[in-house]
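Shared chain: subunit A. Partners: subunit B in the first complex, subunit C in the second.
Let's turn to the complex of A and B:
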């Protein structure tokens, strides 16, 4: 009985739903403030993402005449739910809301599902701008999926001694015994590759080719307004938290034995990962072109990921 | 208890309506002077993001529509059609003297302004060109109006 109550609490409160929602709002807000400070301006309040989502909830929802109404309205909900479920698998220290033997594969599929809902939703809206955004989102997906899988495979190989493991709990246990994987020089290229995958997966500024507001009128989100838009915006925030949490789970899982200290370390490292992987590129670079993103990910990022994978494979 | 929660959420949404302002800019035949000043208001020097502003590319996501220019014959229908696509509640802010009087273009055969012939204008920022500070002040006024409009929606 106590076990049951604890797992319900885990899912609803701490590593689960409530924590995810609060953390993702704060993380997205901190990112915007950091970018503003790097550009020497005051910037929005930390709660700005929350205001954005609430405001969208309060606006009229318009469904275009050409749109397929059901798909148009359902896609954002499915996307939001899938990223929220992804967040359940992320461990804080050694506690996670849901744990299975193949967390990483589930995470991979759910993250892809979130991107696919974006594609499906925009395809259902029947706008040419959304069509362009959709094709760009697909290019982005093709670019980051391979390095992401390779990084996960590499970490799985290191932690599974010989046999690749896909369980984040096992990876956490390995790091508790041998120190965080970020201290292992063989894995540095993989860590760098994952740091580059994060902004593209989330759709942050230099890699936000799919919703470039100055070129293609918000692309995939061109026809969205009101509540569905609020869901997509929230999905974006949660995705941000999920990706930095994933980095922490794979490379920076530090366990002290005290749950509170674990939470604190986890939050701090999430902010650090967000800062390095999303805020800095956003502040210092302009948006890439589509083929630049494609080329960059298939050469540099995939190369980094492959280097680590090969090094681990030959047993360094 | 449940009723109270409903009310609280509604209040939070009203509050958010004045704190998150996404701008959409329509050029209705402007000479480009006002457009440049609008962009200047968004740059780090004036930092409109302090007020929660963000430039958006789609009228469907706009809270504040900035219109510049005297409304030419060519742009009139586009202006009306674009404004019809903006979800309620939104504010229409005109930037510069052109949209409110026609300015130096008044009397031309190709000018069918001012804007308030076609839609109710909430805030009009005067000047040729208005300073970025004036545009920011206009946006801040529009934010207060947006909150009132949002309140009016659920009463």
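Let's turn to the complex of A and C:
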């Protein structure tokens, strides 16, 4: 009974639903402030993402005439849920809301599902801008999926003691015993690759080709308004947290034995990852073109990931 | 019980005969005959399930009572072990669905009596192939299968390309038949028997060059029947013109014969799947096929051509998993094989419905069908989600098993080849998803194309078979554990236990042992996830639907959507000056520019390679045969 209550609490509060929502809002807000400061602007308050979402929630939802109404309205909900469920798998220290023996594959698929809902929702809106946006989102997905898979294989391989593992709990245990994987120089290329994958997966500048306000009027989100838009915005925030948390789980899982200290370290490292992978590129670069994104990911980023994979494979 | 296999096959052939006698009278008579025969055959196959699948028995039947004498099998035998029955189930279920769909779908065609006669002969030959225990019998069935399939491909011979597609299939397909025949002859020359069980018994002790060459010939023959690379252009050309229910048969059933033959060949007849080089050969071909075909599918403009390439790509997955030589891999391959029949059949039937209602399959001309055909759209989305491997549908469960089997193989052997295969498999999955996004956007979503303005929802007679497949897709995705325990485990066990197979045929009853094929899939309990997802989805849906929603105002009397008709390239107008509401639908060819741009050279190479000239295709086949033979002689 106590175990059951504990797992329900884990799912609902920490590190599950409530923590995810708060953390993702704060993380997105901190990101915006950091970017603003780097660009010598004042920037919005830290809670601005929350205000944005709340404001959208209060607005009327407009369904375009050309849209398929059901899919158009349902897609954002499914997308938000899939990223929220993804967040349940992320461990803080050695505690996670849900664990299986193959967390990483489930995470991979749920993240894919989130992107698919974005694509299907925008396809259902019938707008030509959304059509171009979804095409770009799909290209981005093809770009980052290969390095992401390779990074996951590499980490799973290192932590599996000869047998590869897909379980984040085992990866956490390995790091508790041998120190965070980020200290292992063989894995540095993989870590760099994952840092590049994060902004593309989240859709942050300079990889926000699918939204590209100046070219295709927010692309995939062009026709969205009101509550569905709020759900997609929230999905974006949660995705940001999920990807940072994934990096922490794979490379920076530091366990002190005290849960509160673990939470603190986790939060700090999430902010650090966000800063390095999303805020800095956002502040200092302009948007890539579609084919540049693809090329960049399939050469540089995949190259980094492959380097680590090969080094690990030959036993360094 | 021991008559059931022959009865199941005979029923279908008899049905073809009776149909050609009485089917001319009326549509009702045809439907009655065809439906009854299909149902009887399905029932007979299903009634063998408890004994063969659950109790591990092997049913043998000697035609004309020619039982083996002094340890030599002279007669023609049927032998149904769990592997045969597994494929028998796939075949009969697919035949049932496809036939039922045809009743409505083919209504507008003439000379339907010929269609159903050929259809039942095709069904009978395929069932005969998988239940047969005799190598020459397999060749005969392959021949009947190929010729009926060719005739059915060209059935709508007023369609452009129908005869051409059928001709290519005939010419290049005969290369496969010849290969199988040659392999059979060589084996007969060496071992003096054609009985599968006896070959399995003897071949393992007979390692000579002739047997190796025979292996190469049979391998290429079954590759042809499964349309593996470099035979995939045939499938594309045939699928594009065949009636949808026949496309379903070709992709769901005929390719499975190739897969079945491959499993029998490497696991039972030669039992050489343990050799690393055989694994390289089979897995390598599967891997190559799945990647090349998925990239080919990427650029297609024809709905069914696109599906055809995907079909082959998924068969590539199956072959890849089978080639691993592990019980997990074999189980995963079998699981994906049945899933492939289900979701690919569903998608072909959806394509057929679209063609039936709009008259075209061109992805650049269709658009916005989701408002006209909402139920078909839902069915399409289920099929697309299944093939792209999105949980909780069946494609996810089987692909996941495949990844795990490949990865554990890579880890256990420390061989980087299998690691590469694993990465390619994952990449193929993303590309599959991308092409179905393309179909979804260009056919079902977006703005309503001119051709689709008057389209209506397809008839119930077509929707019900599609729903059967869709429901099976969901069920198999939700209960992978139970399905694996009941069906995959015996089937994989049967394939791994060649000695039992031989003993059952030659010396009476034997019981298949069942290996523990997986400790893997149990880690994923979809039901829990479904419950979780459903609860949250329900909450969110209520939340999102309860919001004030402004729906589009209805069009006034006489108003038409997008009345601005359309100079060429008008659809690009909104991107330059987006004021006026012109019809602008992002169609198939407009998508994925960034990806295509970077892969220009690759795509143009394959574009030229698929020249459409039958001489070229035959040449590729012969080169592949030569290469496979050389590989076999050098390494196996």
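The criterion applied here is as follows: the second predicted complex is superposed on the first by the 316 of 316 C-alpha atoms of A that agree within 3 Å, B and C clash if a C-alpha of one lies under 4 Å from a C-alpha of the other, contacts with A are read in each partner's own complex, and residues count from 1 in each chain.
The rule we apply is simple: a contact is a pair of C-beta atoms (placed from the backbone, for glycine too) under 8 Å apart; a residue touches a chain by one contact, two chains touch by 3 or more.
None of these values were measured; they are calculated from a predicted model.
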Exercise. In the superposed arrangement, does A:60 touch subunit B (first), subunit C (second), both or neither?
Worked result: both
For this session: Answer with first, second, both or neither: which of subunit B and subunit C does A:51 touch in the superposed model?
Result: first
Seminar exercise, completed: Chosen between subunit B and subunit C, the partner touching more subunit A residues is C
Exercise. Now for A:224: first (subunit B), second (subunit C), both, or neither, which partner does it touch?
Worked result: first
Exercise. Who does A:141 touch here: subunit B (first), subunit C (second), both, or neither?
Worked result: second
Exercise. Counting only touches as set out at the top, which of subunit B and subunit C does A:94 meet: first, second, both, neither?
Worked result: neither
For this session: In the overlay, answer first, second, both or neither for which of subunit B and subunit C A:150 touches.
Result: second
Exercise. So, does A:216 touch the first partner subunit B, the second partner subunit C, both, or neither?
Worked result: both
Exercise. In the superposed view, which residues of subunit A touch subunit B and also subunit C?
Worked result: 57, 60-62, 129, 216-217, 226
Problem set entry | Of all residues in subunit C, those that touch subunit A in their complex | 368, 370-371, 374, 377, 381, 388-391, 396, 400, 403-404, 407-408, 410-411, 416, 419, 422-423, 426-427, 430-431, 433-434, 437, 440-441, 444-448, 523-524, 529, 532-533, 536-537, 540-541, 543-545, 547-553, 561, 571, 574-575, 578, 584-586, 590-595, 597-598
Exercise. Given the complex with subunit B, which residues does subunit A contribute to the contact?
Worked result: 32, 36, 39-45, 48, 50-52, 54-55, 57-62, 129, 212-218, 221-226, 229
Problem set entry | subunit C-touching residues of subunit A, taken from the complex the two chains share | 57, 60-71, 73-74, 76-78, 80-81, 84-85, 100-102, 105-106, 109-110, 112-113, 116, 119-120, 123-124, 126, 128-129, 131-132, 134-136, 138-139, 141-142, 145-146, 149-150, 153, 157, 160, 162-164, 209, 216-217, 226-228, 231, 289-291, 293-295, 298, 309, 313
For this session: Please give the residue numbers of subunit B that touch subunit A in the complex, ascending.
Result: 12-17, 19-20, 44-45, 47, 49-50, 52, 55-58, 60-61, 63, 85, 87-89, 150, 153
